[in-house]
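Read through the structure below, which is laid out as structure tokens, and then see the notes.
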Amino acid sequence: MPRRTVYEAKVEFVQILDEDGGFDAKLGKGLISDEEVVALYEHMVTCRELDEIAFKLQRSGRMGTFPQNKGQEAAAIGAAHALTKGTDWLVPCYRENAALFMHGLPMHYILLHWMGDERGNQIPDGLYMTPQAIPIGTQMLHAVGLAWAAKYRGEDRIACTFFGDGATSEGDCHEALNFAANLDLPVVFVCQNNGWAISVPAKIQCSAPTIAQRGLAYGMECVQCDGNDIFAMVKVVRDAAELARRSHRPTFIEAVTYRLGDHTTADDARRYRDSAEVEMWKKRDPLIRLRKYLVDRNQWDDEKERSLQADAKEQVAAAVKRAEEIAAPSTTDMFDFLYAQLPDQLRIQRATLRTASLGQDPTQLEGGIEASRQQDIEETVSERPVTKP
Amino acid sequence: MANLTLVQAINLALIQEMEKDDRVIVLGEDVGINGGVFRVTEGLHKRFGPKRVVDTPLAESGIIGASIGLAMAGLRPVPEIQFEGFLAPAYDQLCTHAARMRARTRGALTVPMTVRVPVGGGIHAPELHSDSPAAFYVHQPGLKVVVPATPYDAKGLLISAIRDPDPILFFEPKRLYRAFRQEVPEDEYTVPIGKARVVIPGDEITVISWGAPVVQCVTAIEQSDQSIELIDLRTIYPLDTEAIVNSVRKTGRAVIVHEAPKTAGLGAEVASRIMEHCFLYLEAPIQRVTGFDTVMPYYKLELEYLPEAERIRKAIQEVAAY
Amino acid sequence: MPRRTVYEAKVEFVQILDEDGGFDAKLGKGLISDEEVVALYEHMVTCRELDEIAFKLQRSGRMGTFPQNKGQEAAAIGAAHALTKGTDWLVPCYRENAALFMHGLPMHYILLHWMGDERGNQIPDGLYMTPQAIPIGTQMLHAVGLAWAAKYRGEDRIACTFFGDGATSEGDCHEALNFAANLDLPVVFVCQNNGWAISVPAKIQCSAPTIAQRGLAYGMECVQCDGNDIFAMVKVVRDAAELARRSHRPTFIEAVTYRLGDHTTADDARRYRDSAEVEMWKKRDPLIRLRKYLVDRNQWDDEKERSLQADAKEQVAAAVKRAEEIAAPSTTDMFDFLYAQLPDQLRIQRATLRTASLGQDPTQLEGGIEASRQQDIEETVSERPVTKP
Amino acid sequence: MANLTLVQAINLALIQEMEKDDRVIVLGEDVGINGGVFRVTEGLHKRFGPKRVVDTPLAESGIIGASIGLAMAGLRPVPEIQFEGFLAPAYDQLCTHAARMRARTRGALTVPMTVRVPVGGGIHAPELHSDSPAAFYVHQPGLKVVVPATPYDAKGLLISAIRDPDPILFFEPKRLYRAFRQEVPEDEYTVPIGKARVVIPGDEITVISWGAPVVQCVTAIEQSDQSIELIDLRTIYPLDTEAIVNSVRKTGRAVIVHEAPKTAGLGAEVASRIMEHCFLYLEAPIQRVTGFDTVMPYYKLELEYLPEAERIRKAIQEVAAY
């Protein structure tokens, strides 16, 4: 046999609740209880409200650049719902706020981060998540290491990392998938294919029919799903999480979704994409779809919606208030959290911060470094009072 | 003459070089229809088409590695890296290949490439959008590193860079992108790579800087009483040692200003060269006014970190008083 | 349809001349003329001889580390044969000597390189190849750029890059494949899967059934072939080259082969691999297989073999002589080829190389930099006489 | 006490820390059965098994990125990068994440990781196997950088590094791996990170170095007539400014020796600090004896490039004669 087939594979697409309200009873059966669906919907609406407010905060100069999550709530929330809060690691980029909140991150942390304050990343004890990753694709390798540590210790913990379509072009993405596949690590890779990486359409990142098939390169489980269908998301992430827990095998999930807003508040998407495309996707808005599902099942009505909207506004307003009330960080913070113990050179810079041009005036040091060290604060970082957000 | 911002001056240089030489192509993330996130490549896609202005996949090592191949084949790629923080994934291709190809092949293959990178702090951007990594690349032999501080210099230096037969990192201080305008000739002209510029002449103290802090230096000097000479290096590799040395031999006192952390920053090299060449002329220790030896903080603290005019003024007083 | 297949693919294995001398007449028909086969065999034997001699040179201290190509000659030579000499770019790592020689690189260049002399990389004019890449995987991106330039200029030129199984783990490999696929570039990617990356078995680099399926991630043509079968190599590379020329589409080829020697002369493969495995692969030696093919067809006999062996010895000895006769490089070479024009600081270092501790004695410069520049050589690099190897 | 090479001392440190603390795991290319290409991890795979001594895929960004994750989860990974030239693909993960995680999360997540990397020239290795990139990492706040020059220091410093709560680059001068032996205590002990060592005391000139050139310095000093103090920095971030300053205040003259290129090398930082803290004590310009500002040449020229004893001796004479 001169030409023989040595590998065959396929990629499947999963959808449970379609755009028209059709529901696949078989796949969807018992997946999420009605109560849970309501809670998930409420969470989506609240996150959407945060997006609107954050946008306004940026426009009025109260916050820096902000990336809206609008349109991608089902992907983030569905994934978070399928994972174990307080056990599994979430390793996000910057479009998964909704997932982080689901796993316990107070909302004002996210605001604080985009207000230019590192304390927005000071993940509270007991939460298993890493801060939003700014450099694209890099966080995927951290998920690999976190999952590896869990396996090493025999813990029942897995890691789920989120990234965009653009991220799949980065070398780190490949290295992460390859490590996870070859070292048998319990990682769930969730690609939010929202169609765009800023102004670059997804086909420039991946001209193959699906992004999901990236996983085939590693002999990894892979699946494409409707990322605006929270049921599909819960299903595929739950399957992947089970596989990870049971067999320490990774899965690559492509969640097909859409970024309804601009890339960030610094972007103007009208420069590069058709309004027709946006309009089409507005109809597929995951909030609309889930609300219809609930209404169809008599789980939801206008009254509930009104009260939810009011609640959401209140919750977001409280988070904004909280974030804005936090006193400005101290200049010395940048020194105090760099190393566990402050090196001498930094002690000097810190101590003479206000008195010298560079916090280090050679003429002041004529008494010797020892002398300067005495003027300096004596305590180590761990002893210093920490202002948590 | 046209009254242009730094962004416009660079845009004009790109247009003129692309008109003139079809070996010049622009590539990178969002450089196409979007015109770059800072709009530096605005209009190029429309004017030169998708063959010469190419949106690439989101992969910096890929952008630089492919550009090296394009350049070895004789084209003149001008890749854009979106922010200096994202130059890091391309560090390997830059230092391992771009910098070494000519040396490694004893001239058989060369890499005439100009990598454009917005750089520095001061615009309230997120993490990794405000760093100053230039000194890393100055320490790597085989690269040239250019940092214009004015629209005039930006246009002339970029044209020189694109025509230069060697790989060049062209750092654009994003804080200055739209900070002010300057009269810039509409015709093409070059500013030589490797030559500093005396911004303000003076006799008593030399202040040396490059990029965005040059503007802070001017403010600080205006607030000082001494006769201060301000030198804008413009190119940080190769360094114009002569301009530095001539000035400090005259003044005997020097202040060096940059945004990057102090330790092993370029200020150390400049100070060491001054010490080597002006030892008997020096009347005070050279002051380095720089970022602290910490990670560039998120933007609430960035102005505390950057060498703003007030800190520069203090340093001037300190060296004057010594 | 809740689960529907959105992508299906398979990977084929191609073999034409099998280990037992079986020949697939259909696939192999007209592929390589008998004369050509003889020439290719001769080339293989000569390269094998180089390996043996290089090993001895290293052991006797006349050369630094050397990576033998032994066992992989069919892969390199078959690929080179399928490409157009003097037109197509070869972008190798360090185990493709045979391909470089086929495309015109004089043998002593390779020796010079491993003797620690950059002139071994000073590719003669008219040859389209890059120097052996030492950092794994990085050269694949150069092939992308070279192919891109050819397409940009409308040339009928493609690029073929070689890399190992280990290289497929690097991020740069992924980025190169992804660029080539998404920007439609004429690149042929030839992975020499020789089973090992130093001491690490290929399954640590890729636990999937084939490495060829890496290409599926990009929707790229991909094929696995017997890398010790020169006919299969010529076939798959020729197909790939045609596709590249015709449609600017890349192909990923996995050539399954084996490194019969140590990783390099600095390695001792007995530390980590079974002699049984090595013995098995010795039987699959591409030289043995091709010789048998020729003998079976009455194209070869012991007499011819003897004379070939003698020729090969002579040719390699001449290359060694040539390499060793080349005068040591001048210290100033390291300055002269760094930039097109020597920057001032380097002119000074170069000029005072022997007279000062660092070729730059501040006390000597008291007369001013201008003065030092006058003592310095005046010519620019382009005017300087170049010693070509 | 045992009479050990540098390789053996490091191997012993690894064994002892792994015995003591099961959070310590070793990972990298060929670190398993093969025991590393320099045999530094020899025997570990057999002793601790494949779970704790892991051959990874060939991907340096992957190795460091995964190690960051391991460390954030509370393990103490000790990744090996096979040669310093191949640290470059991991530059992004090191500088963007390892260095910044504690600062970025205000202490919530930390990266206690020790990256072992053979470094430097002198062993007739191929390209990119002989470089000295340490200064790049010194310029990045958030990392610590250690370079032992003796078996004793190597063991003690590596134990300190593994126990340190912050990310450390541990550069092992490969030229010294088997160059000499030294009595090394078999029991565990630590050598503090951030403290220099006076190798030879003296009064007239201070010679400052680290890593392999320390050996060349000793030879040069033996050939000189002056009373010379030799300081081995051992840790290059944080720098032991105090040790340097105390010595130069005594001698008034200094020579700094390193393998990396001169421009923006660490010598510039050391010289600048001396100038800042010892201005009135200095009697001659500080000499930097370093690699030239060129790419490290292939091995036929490497000894011309490296700061060998003869060049150091010349520099000593030059500063003495000034």
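All chains are identified by letter, namely A, B, C and D, in their written order; residue positions are counted from 1 within each chain.
Convention: a contact is a pair of C-beta atoms (placed from the backbone, for glycine too) under 8 Å apart; a residue touches a chain by one contact, two chains touch by 3 or more.
Here the structure is a predicted model, which is why all the values come from computation and not from measurement.
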{"item": "Farthest chain relative to chain B (centres taken as mean CA coordinates)", "value": "C"}
{"item": "Whole-Å gap separating chain B and chain D, where each centre is the average of the chain's CA atoms", "value": "30"}
{"item": "Chain B and chain C, separation of their C-alpha mean positions in angstrom", "value": "37"}
{"item": "Residues of chain A engaged with two or more neighbouring chains", "value": "118, 135, 169-172, 175, 178, 182, 204-205, 333-334, 338, 345-346, 360, 362"}
{"item": "Where chain B touches two or more other chains, by residue", "value": "56-57, 59, 61-62, 85, 88-89, 92, 96, 103-104, 127-128, 141-142, 237, 239, 263, 276, 279, 285, 288, 293-295, 297"}
{"item": "Pairwise touch network: line, ring, star, complete, or other", "value": "complete"}
{"item": "Residue numbers on chain D that touch chain C, as the complex places them", "value": "29-30, 32-35, 37, 55-59, 61-62, 85-86, 88-89, 124-129, 255, 262-263, 285, 287-290, 292-295, 297-302, 304-305, 307, 311-312, 314-315, 318, 321-322"}
{"item": "Chain D contact footprint on chain A (complex, rising order)", "value": "118-119, 121-124, 130-131, 135, 138, 140-150, 152, 159, 171-172, 175-176, 178-179, 182-183, 333-334, 337-340, 343-346, 360, 362, 365, 369-370, 381, 386"}
{"item": "Residues of chain C that touch chain A when the two form their complex", "value": "2-16, 24, 26-27, 169-175, 178, 181-182, 203-210, 212-220, 224"}
{"item": "Touch list for chain A against partner chain B, complex", "value": "64-65, 113-118, 134-137, 166-167, 169-172, 197-200, 204-205, 266-267, 271-272, 328-329, 331, 333-335, 338, 345-346, 349, 356-363"}
{"item": "Contact set on chain D toward chain B in their complex", "value": "61, 85, 88-89, 91-92, 95-96, 99-100, 103-104, 127-128, 135-136, 138-142, 237, 239, 260-261, 263-269, 271-272, 275-276, 279, 282, 284-286, 288, 293-295, 297"}
